[in-house]
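In the two complexes that follow, chain A is the common piece, with chain B as its partner first and chain C second.
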Partner chain A sequence: MSTTIPIPATPTFAPKARRMTLKRRRQFAGVVFALPAIALVVCFIGVPIGQAVYYSFTQWNGLTSTWIGPSTWTQAFHNTNLWTALRNNGLLLLSVPFALAIPLGIAVLLHQRVAGWRVFRSIYFLPTAISWVVLGLVAERFFAYQGTLNSIIHALGFSHISTNMLGYQSEALIALGITFVFTMIGTNTMLFLTGLATLDPSLEEAARIDGAGRWRIFRSITLPHLSRFIQLAFVMTVIALFSALFSLIFVMTGGGPGYATTTMEFLIYETGFNQGDFGTAALYGLILFVITGIVGVVQLRLIGSNE
Partner chain B sequence: MAEITFDGVTKIFGDDIRAVDDLSLHVADGEFMVLVGPSGCGKTTALRMLAGLEDITSGTLSIGGSVVNNVLPKDRDVAMVFQNYALYPHMTVAQNMGFALKVRGLSKAEVAKKVGEAAAILRLTDYLDRRPKALSGGQRQRVAMGRAIVRSPQAFLMDEPLSNLDAQLRVEMRLEIARIQRLLGVATVYVTHDQIEAMTMGDRVAVMRGGKLQQCDTPQDLYDHPRNEFVAGFMGSPPMNLLRGSLESNDSGLALVLGSQRLAVPSNYATSHQLPKVDGPGVVFGVRPEDIEVLEHSGSDSLSTKVERREALGAEILVHLALVDAVGNDAFVVNDSGAVVSRPTTLVAKMGPRSGVSVGDQLQVRLNPDHFHFFDTDSGLSLRRSS
Partner chain C sequence: MTTLVTPPTESEGTGEPRAMKKPRKVGRWILFGAMVIVAIVMLYPFWVMVITSLKSESQFLSGGGFSWLSWSSLTSVIPVGQEVLSSTILCSASIFIILCVGLPAGFAFSKLRFRSSTAVFLVIVSAMMVPLQAILMPEFVNVTKLHLTGGYTGAILVYAALGTPFSVFLFTTYFRGVPDELIEAGIVDGLGYFGAMWRLVLPIAVPAIATVTVLQFIQIWDDLLVGLLFIQNTSDRPITVGLAVLAAGRTTSIPGLMAGSIISALPAMLVYLGFQRYLVKGLTMGIDR
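Let's look at the complex of A and B:
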């Protein structure tokens, strides 16, 4: 009598029909991981931009808004204060080269390990650690008619000369620009020092042996090496100029005399909170956003960076 | 082209770190001088002083007969190849090679001509428009060489230029550098910690240790007649076997006592060497791995050993041999810690690839009596009388 032993069915490991390929799984994981960041960007950048666009077509007092169509836009562009603020922003851009060149010079000197470089490094970095409100107050006292600047001038024997830079429309913007440069020195100096620390010292030594002097080494070796750091400092400085001057202006001049130191950023505050016209303020915010975006893209294109 | 002279050159960092100590060395015009030694021996500092990148604490340094102690690097007319090549990353190969010429005010046409010539010698013509990051290690090394030779300097200074290359490329570039140096006939000071590079490339080799020059000689003389224990242990791969023993005199002549074993020492060593007195303080005995051969039978010129380790290198086998006494136990050989160099209790022998030795084998080995070395136990100096 023979018995038949049943043979178990061979298990099959064929992939399930709906199983994703490794590539698709990776893509899916990428999307999943990006989702929180996308949600944050949409919530805190996308939605406010959309709201700003909406409110720019309304008359909004902060509580209730009434749709008025594009009249805000046509009126805004006939407002001379807008053009004054834009001009002031444009003129303040002239301070950017100083906000880069002075820290660059300081960083190069500190990098040479001149006597007392550690103390100087702390001194130059100090403004970065101090609130811009405090810096604005100090600057206001410095440029005031009975301030430090005039005391220095008088102490140097020029008692017949007195300045009042914050009191004159023609000079207040210059004082603001000088203060802005001062506030940026610490950050940019540290940035350039970081860049210099990454410079391979053997490159400089090779250039010395190749016959290059100090200036030639700076021009041909150091500066090209620092180009990425200069790009970054440039972008950061311009962005600060457009979007971080409010506290300085508020403390030093209140936007005056007249509108002499009112920038777009300050005009938005002025229009929204002093005049209660949040619809127009939203429009100014959009204009500033577009200008900052254009400046950012142009400067990145000019310096040939895709990072 | 010029000769180079270090005359009592000393470099002290800080208050008391003596990186180079009273270095006196002459490099003839067109000579390839290799400075070799372990890390921290002062070889790179010596080179950097020659380049003008480090100040000289005391002594005199001359290039072409002119004292250059206070001459800036750019005015010394020397070219240097750095360990990491130090290529300017934002410049192309052509710009890197032509930078020194441009700085010196040569016209664009002259720069292009000289760069082209150097590129042809170094087989870099096809890469002139590339940036360093787009080159392989070997190509970068050649660009660094090109940057040096394009200037036709008085001397080439090279600071471990092959240390970043893989083994095969290093061998190729070793030949390449030697070829170019011979072609140009420029005095060259080459720093390395690799004694094979030193032996194969240098017309003469200066061995340094602790800032001091130990010996400067032709590679073969260094190998055959090391002036001290350090040089003996540093030059050669594997290095010379160094064992501490003592001398005794018996009926058949002079013998070296190593643990419980005795090795006959040919009588000519008594005249060619200033050997210590019999039963005196002892001696450090040296023999090269290739001077050890396996015997069928024991004899007065042989030692009983046991194979402890076997390293097959393909073309040869390195066999680590422990000395054993008559009954096969490991013999006691003095191994004084804190000595100038380590004095192991084993011998390393080079044997043919077909040698059928295995770990644990008892071997009777003969040490070539024509190539014995003796060193003073305290000073480590060779006891060989100068001829």
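Let's look at the complex of A and C:
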């Protein structure tokens, strides 16, 4: 087949020939240099995606797999656990506006450059360095029956009210959402602060001279300028919501009570390693892959639109 | 917080200098107060860790008191030394691979472009979006079948593979700013491509190397899932996994857990405080230019 493609005429001049081989050698070096990275990504990310597709049609316990066919998918969609996990993820999406608005407020605060703002900045970002395992442990203490939350409530004079949010199906997810918002504050504030730093201060100055109030300046100048950063923060937050909650759930609730805090990623772990149903877990993984893929495409668009 | 954005005097928009001066100053104090409140909230986890770790089990349950017990008996509750060592081994080996693989690839994708290198680059970069959970089952079975879960090898390779797409992206973007002439001059001088990378590219890549190292260090040091599943021997566990497993068991004393948490948090915090600049650069990569 390749014979039909016109082969470029072999160069007749010596200099041109040398240039050709130089180009060849450069390309060859490029392939050699890129190969280890390509191999690593293909072996540990590419191949498993393909395997996941195959195994999603099988009954698989990790050792032996039997081909079942598409019925595994219809079976999975009749599983209430899947819908519970998707619903939990959907409900957690409600926390995203908070995970954006609070850091935005903090970033604007820091941007006022009050005395000591650098120190405050370091403090605000400090939890970002800590493992979500540790933050989950602390959050568990916060929401516990003898935890800080109840101390605060009692100190405010409501001594007859005692909460135990992680213990109840209806409230555990809210506690998880609050913790998630807290863990995202550092990263998102960092993003917004970078965005604010690129804002031309003379614009705000001009608006102020024109008699615009602070709120007006914020809405008409600051916010539109930040829109790209807000979009990126939104996408990063949503991706974290689908793929980074594992540590928090693992130490805070173990997915419970019942399945009240089991999200997609935790369901995959639970189905695979607690129930030993590798095939269904691989299938759930593909569903998660599609969800994050859609969000990821949006993010690539956002980054791409910048270049 | 909204009060900061809309102080009452500004709503008029008259901009009379003398009328504005005083509220301005008051506004500064309100701002400062708000920042202190946020600081308290953000420092809360550290406060809880320190206070709780300085109590014995019974003092913790009753509320009052102070004791070094959880610190003096820490090693019997959590094998801290072994776990910190494991975390260090995992981090350094994975980051070493990520750099060794990512830097040449970034050099290739930016300066030694080959046929369809752009497409290959895009495929690698999009692998950044694949969460480990999505491919967890096949990955686990593959690594287990290759008998790599016995020591650290399996976890190191998984960490390296997960970190590579980002490092390739970062190095490629970074090297695009390096003039082609520099590399060409090196080639003409007979350095060869490897020599050009080693002698010309590596020295100017130090900021990018630092960014990748800091980000990956925090990522891997703080990770739970890979360490939990891809390291079979409990004696090889990194500190984050050790803590999480103890916490999930719900039998360990909470003061002890908090002491362990402090140990696990300290290295990441120190790296963060020392290299904050690189962390910010890495997180805002791709938008901040």
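Just so it is clear, the second predicted complex is superposed on the first by the 247 of 307 C-alpha atoms of A that agree within 3 Å, B and C clash if a C-alpha of one lies under 4 Å from a C-alpha of the other, contacts with A are read in each partner's own complex, and residues count from 1 in each chain.
What we mean here is this: a contact is a pair of C-beta atoms (placed from the backbone, for glycine too) under 8 Å apart; a residue touches a chain by one contact, two chains touch by 3 or more.
None of the values given here were measured: they were computed from a predicted structure.
Of the two partner chains placed by superposition, only chain C is touched by A:229; chain B is not. When the two complexes are overlaid on their common chain A, residue A:127 makes contact with chain C while staying clear of chain B. Among chain B and chain C, the chain that touches a larger number of residues in chain A is C. By the touch criterion stated above, A:281 is placed in contact with chain C alone, chain B being left untouched. Of the two partner chains placed by superposition, only chain B is touched by A:202; chain C is not. In the superposed model, A:211 lies in contact with both chain B and chain C. By the touch criterion stated above, A:90 is placed in contact with neither chain B nor chain C. Of the two partner chains placed by the overlay, only chain C lies in contact with A:269; chain B stays clear of it. Residue overlap on chain A between its contacts with chain B in one complex and with chain C in the other: 208-209, 211-213. For chain C in complex with chain A, the residues that touch the partner chain are 1-2, 4-7, 10-11, 13-15, 28, 31-32, 34-35, 38-39, 42-46, 48-49, 52, 61, 97, 100-102, 104-105, 107-109, 111-115, 117, 120, 123-142, 144, 157-158, 160-162, 164-165, 168, 187, 193-194, 197, 218, 221-225, 229, 240, 243-244, 247-248, 254, 257-258, 261, 264-265, 268-269, 271-273, 276, 279-280, 283-284, 286-289.
The touching residues of chain A, counted against chain B in their complex, run 200, 202-203, 205-213, 216, 220-221, 224-225, 227. By the touch criterion stated above, chain B contacts chain A in their complex at residues 51-53, 72-74, 76, 78-80, 82-84, 86, 88-90, 99-100, 103-104, 147, 151.
Listing the residues of chain A that touch chain C in their complex gives 25-34, 36-38, 40-41, 43-49, 51-52, 55, 60, 62, 105-106, 108-110, 112, 114-117, 120, 122-138, 140-142, 146, 148, 185-187, 190-191, 194, 198, 208-209, 211-215, 218, 228-229, 232, 239, 242-243, 246-247, 250-251, 254, 264-265, 268-269, 272-273, 278, 281-282, 285-286, 288-289, 292-293, 295-296, 299-300, 302-303, 306.
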